[in-house]
Amino acid sequence: MPDRGRIETFDNQYPARDYTIEIVCPEFTSVCPKTGQPDFGTLTFTYTPAAKCVELKSLKLYLQSFRNEGTFYENVTNRILDDLVAVLEPRRMRLVASFTPRGGITTTVTAEFARSTGDSGR
Amino acid sequence: MPDRGRIETFDNQYPARDYTIEIVCPEFTSVCPKTGQPDFGTLTFTYTPAAKCVELKSLKLYLQSFRNEGTFYENVTNRILDDLVAVLEPRRMRLVASFTPRGGITTTVTAEFARSTGDSGR
Amino acid sequence: MPDRGRIETFDNQYPARDYTIEIVCPEFTSVCPKTGQPDFGTLTFTYTPAAKCVELKSLKLYLQSFRNEGTFYENVTNRILDDLVAVLEPRRMRLVASFTPRGGITTTVTAEFARSTGDSGR
Amino acid sequence: MPDRGRIETFDNQYPARDYTIEIVCPEFTSVCPKTGQPDFGTLTFTYTPAAKCVELKSLKLYLQSFRNEGTFYENVTNRILDDLVAVLEPRRMRLVASFTPRGGITTTVTAEFARSTGDSGR
Amino acid sequence: MPDRGRIETFDNQYPARDYTIEIVCPEFTSVCPKTGQPDFGTLTFTYTPAAKCVELKSLKLYLQSFRNEGTFYENVTNRILDDLVAVLEPRRMRLVASFTPRGGITTTVTAEFARSTGDSGR
Amino acid sequence: MPDRGRIETFDNQYPARDYTIEIVCPEFTSVCPKTGQPDFGTLTFTYTPAAKCVELKSLKLYLQSFRNEGTFYENVTNRILDDLVAVLEPRRMRLVASFTPRGGITTTVTAEFARSTGDSGR
Amino acid sequence: MPDRGRIETFDNQYPARDYTIEIVCPEFTSVCPKTGQPDFGTLTFTYTPAAKCVELKSLKLYLQSFRNEGTFYENVTNRILDDLVAVLEPRRMRLVASFTPRGGITTTVTAEFARSTGDSGR
Amino acid sequence: MPDRGRIETFDNQYPARDYTIEIVCPEFTSVCPKTGQPDFGTLTFTYTPAAKCVELKSLKLYLQSFRNEGTFYENVTNRILDDLVAVLEPRRMRLVASFTPRGGITTTVTAEFARSTGDSGR
Amino acid sequence: MPDRGRIETFDNQYPARDYTIEIVCPEFTSVCPKTGQPDFGTLTFTYTPAAKCVELKSLKLYLQSFRNEGTFYENVTNRILDDLVAVLEPRRMRLVASFTPRGGITTTVTAEFARSTGDSGR
Amino acid sequence: MPDRGRIETFDNQYPARDYTIEIVCPEFTSVCPKTGQPDFGTLTFTYTPAAKCVELKSLKLYLQSFRNEGTFYENVTNRILDDLVAVLEPRRMRLVASFTPRGGITTTVTAEFARSTGDSGR
């Protein structure tokens, strides 16, 4: 079961610089709660670290825990963004989740967090 | 016959966040009212939901109802945008409709809605 | 309703030469007899004419007559090949029918006719 | 001989909305007035209609009338923009004319009209 | 658990013709038996039917049953080919399984069956 | 008016070697005899010279002479091949003529000459 | 030896309009002054003419005069921009010079002129 | 061992102009300090020189000195940027470091320096 | 130091079938013995196993042992093929080694082994 | 002046194996003897060495010696092939010379040598 506690971090060695890290994960898969069929997508995270950076292997394991989880495109995107923001407390972070076609239709969900907006999603 | 009543919605679980959903439908087809010949195009919707998100299967069925409908490129694009805006009441929505070549000429129509402008099209 | 009688021909002006004509039709659409959903595909004909060549506008109209016809991928490919072979009596002809993805799966059917084999399909 | 009188229009059904129409014509050809050699190019029109939209078949015939006309790249681009602006009176229009290589050199000319600037070109 | 009994068929309507069907499944996933990590790949089947064709939805469900199965690249490719050959008894069939990179290395396994060779694999 | 007399040649300096020359002409245009509309295509010549090679500038001028000529795809391809074969007397020559889409349909005609076959086309 | 006197111009027929001309020259070559080895690059000019436009054949000959000239990437880019600005006196001009890889490293130099800045480079 | 003292410079001949130099190095390799495995990436430098430009061969040798150095993606990117800024004192510089996939995940780090911000990274 | 003893194998589970395994390794690097500069390339192995298949992680480590080895393109390709053939004793194996450009020149070496030829290279 | 004496070789270390070496040189340039204008092309050599392999730096210098040489496409291709065959005495060699467009026309010349044919070209 997905749990943000699995996400590990390491200290940002250049906290004074406003730089960005892009992480592309093309092997995301979860299950459609309506049909029980697997969904597949590519997640692209772009963030500016504050005190902490995400450790890549733990991010991979956290994302793999969605493998048999039933969830809609819109919700899984926002939930993963919320989990990473809670753990990393970045200056800003964007998540673009692009799913493979279903019924000839392709869907991409883009959500962003910026510290100043105090945006909490729900 | 196309009817916006066919478009179903579900509740946006993250209404406080200003995020975007892109939906690409490459299998749109209607009929040219002048020649009776079929037209083919790709519709790309990009919107920021307010209270409601569009349900994808109902969107597909709504778009399929244009299959034997006679309509011009410019009109069908604006009409579909109007229908989705009426049903979803999104914060903003853009529709890009890109049609296949006719007589060596390719046409793309782009229309946008933003709540603040109170734009009604006609 | 599809009818091979709609396919018109014109006389091949170079009957002594064994040359080939390739015709690509990316706007083929029919209906799945099981689900009632539209299917979309690209048909590629490659043939060597004997006495007759196919007239392109009549080929387009013949293919458009499948627009609301319910038929499976494998059958529609073989049937269209049979119709063209019956009308054109070519030296040889190949039809490659490549359909858009359904449920994440893409299908292409390839069938060929060669006069010497006397191949009738069924 | 090219004549803007050939360009036909139809009424814009959504005059209140500021939307854009892109028309790509990859089969433009004229003649170089210096060498007598044919030139080839792709014209891309992007405009926001006011009261009128351009009818595509008449646009095609108008562009074909340049087939045996001698004219330089820079002039033909500005002249065609002027003709369309005169007939359509759009809110704004851009024309990008991209010509095939001559002597290893490729040329693209981009001209724009916006109503507020009262730009008349010459 | 994967079971070839899930694969359904329908009668080939053109058994006299030697034609080919290509089916591309880009959403295959199983689990590495050594590391427990998920593997991802694209399976491409190319076959000439004899009496039976494979029904696509049942093929999809059969392939999905490998989702949590631990198996090596080479073995899963040969096993799936064997299962399809056993059920379809085709004239010939090829399976190309192309897996995503691991440790910077990409692997593709290609196996073929032809009736005349009486090839049983093991 | 097209006239094979315009095609100039120069002596092949390496007549003992069986080598090939490919010439791609993407700017071919003629007129459809039925509709009066211009057609556009790419001609690709591949030949093995015997005593003579084609001079490129004269080939260009010869092809330009089709600019206002009414002719069908199949005929113009065979005619140009015949003209070049008559002038160059090559060991072998192939012409692939690929025309731009009309009514959503793309056509390519391929014709070949080989000295040993004594093939005269008509 | 390169000499800006070779660059010829013609009168801009649309001086009142702020439009742009892009000229791509993929066949630039000069010599590295350090190693004596040839360098190869693509020059892309984008400018808005004032009273004068550059004549393309003279531009080609001017650029060819660098063929055996020894010069560094950074200097040749700025020098050519200066020469064209001196001759054309454009409203603004940008030159992007993109050179082929040397030692696995690819270099692109971009320089711009705008009349209002009175920028003279050195 | 990497040492910024290896980076050589030459005088910028056009110090008054604000122009940019892009240098793409696709053959960067270092070693992961955790696993001891080699990492591979493409470094893209984009800078505006002040008094000095970087000499390309010395840049290549400086980058090669990371070949057997153990360092994380985020740190090596910031460190190389700091070294080049210290030696070149440019008006501004950006470094995009794009690494090849590990465990199916691709990482790109982007860091920038601008003189006015006095940004020192750590 | 490269040592074929590092290459591990596992038993081929389908020895009766003549199937192929393609392994692409885009991260190969060694050192030019003449200049001391690093070389980079992509190695593509295509083989038909007999009793043994190569274990991928051990292949990766074997290839990494060339990282600081001085060797020419032609020799390293033949040597790696010989090592794999000695360890795997495959039915047949091909190695395509494609190196990145040096001095504007790109080199690819292709070597093959087939059991029946008894080919030993040297 | 081009001189085959500049081409250096080194001993083939694997003379018993029939393997191939492909060398791509995209920076070839010579001069048209008719117009005096520079020509540009990509030369691709594919050969199977016998006793000798070509040394790459000497090949580059030999090809650079054509920089100011006036020669036609067909002749320069055959001449370079003859020079390399004379120096390397390979088992077989093919040269594909692909030149950039002139007057909208692109030319590629392909010539081959095989030892058994005793082919001398002229």
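Going by the order they are written in, the chains are A, B, C, D, E, F, G, H, I and J; count residues from 1 in each one.
One rule holds for everything that comes next: contacts are C-beta pairs under 8 Å (C-beta built on N, C-alpha and C of every residue); 3 or more make two chains touch, one makes a residue touch a chain.
Please read these numbers as outputs of a predicted model, since none were measured by experiment.
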item: Partner chains shared by chain F and chain G (touch criterion as defined above); value: D, J
item: For chain A placed onto chain D, the superposition rotation in degrees, Cα atoms, nearest 5; value: 145
item: G-H against D-F, pair bridged by the larger set of C-beta contacts; value: G-H
item: Recurring contact interface, reference I-J, options G-H, D-F or B-F [over half identical by residue number]; value: G-H
item: Homomeric contact chain B-chain F: same or different residue positions, threshold half; value: same
item: Geometric centre distance via CA averages, chain I-chain D, whole Å; value: 57
item: Inter-chain centre distance, chain G versus chain J - centres from mean C-alpha coordinates, in Å; value: 32
item: Inter-centroid spacing, chain E versus chain D (mean Cα positions, whole Å); value: 53
item: For chain G paired with chain I, centre-to-centre distance based on mean C-alpha positions, whole Å; value: 46
item: Chain G: positions in contact with at least two other chains; value: 26-27, 37, 40, 100, 102-104
item: Listing of all chain pairs that touch each other, if any do; value: A-B, A-C, A-E, A-H, B-C, B-D, B-F, C-E, C-F, D-F, D-G, D-J, E-H, E-I, F-J, G-H, G-I, G-J, H-I, I-J
item: For the chain C and chain E complex, residues of the former touching the latter; value: 72, 74-75, 77-78, 102-112, 119-122
item: Complex contacts: residues of chain C adjacent to chain B; value: 26-27, 29, 37-38, 40, 64, 67-68, 100
item: Chain C contact footprint on chain A (complex, rising order); value: 37, 40, 100-104
item: Complex contacts: residues of chain J adjacent to chain I; value: 10, 12-27, 49, 53, 56-57, 59-60
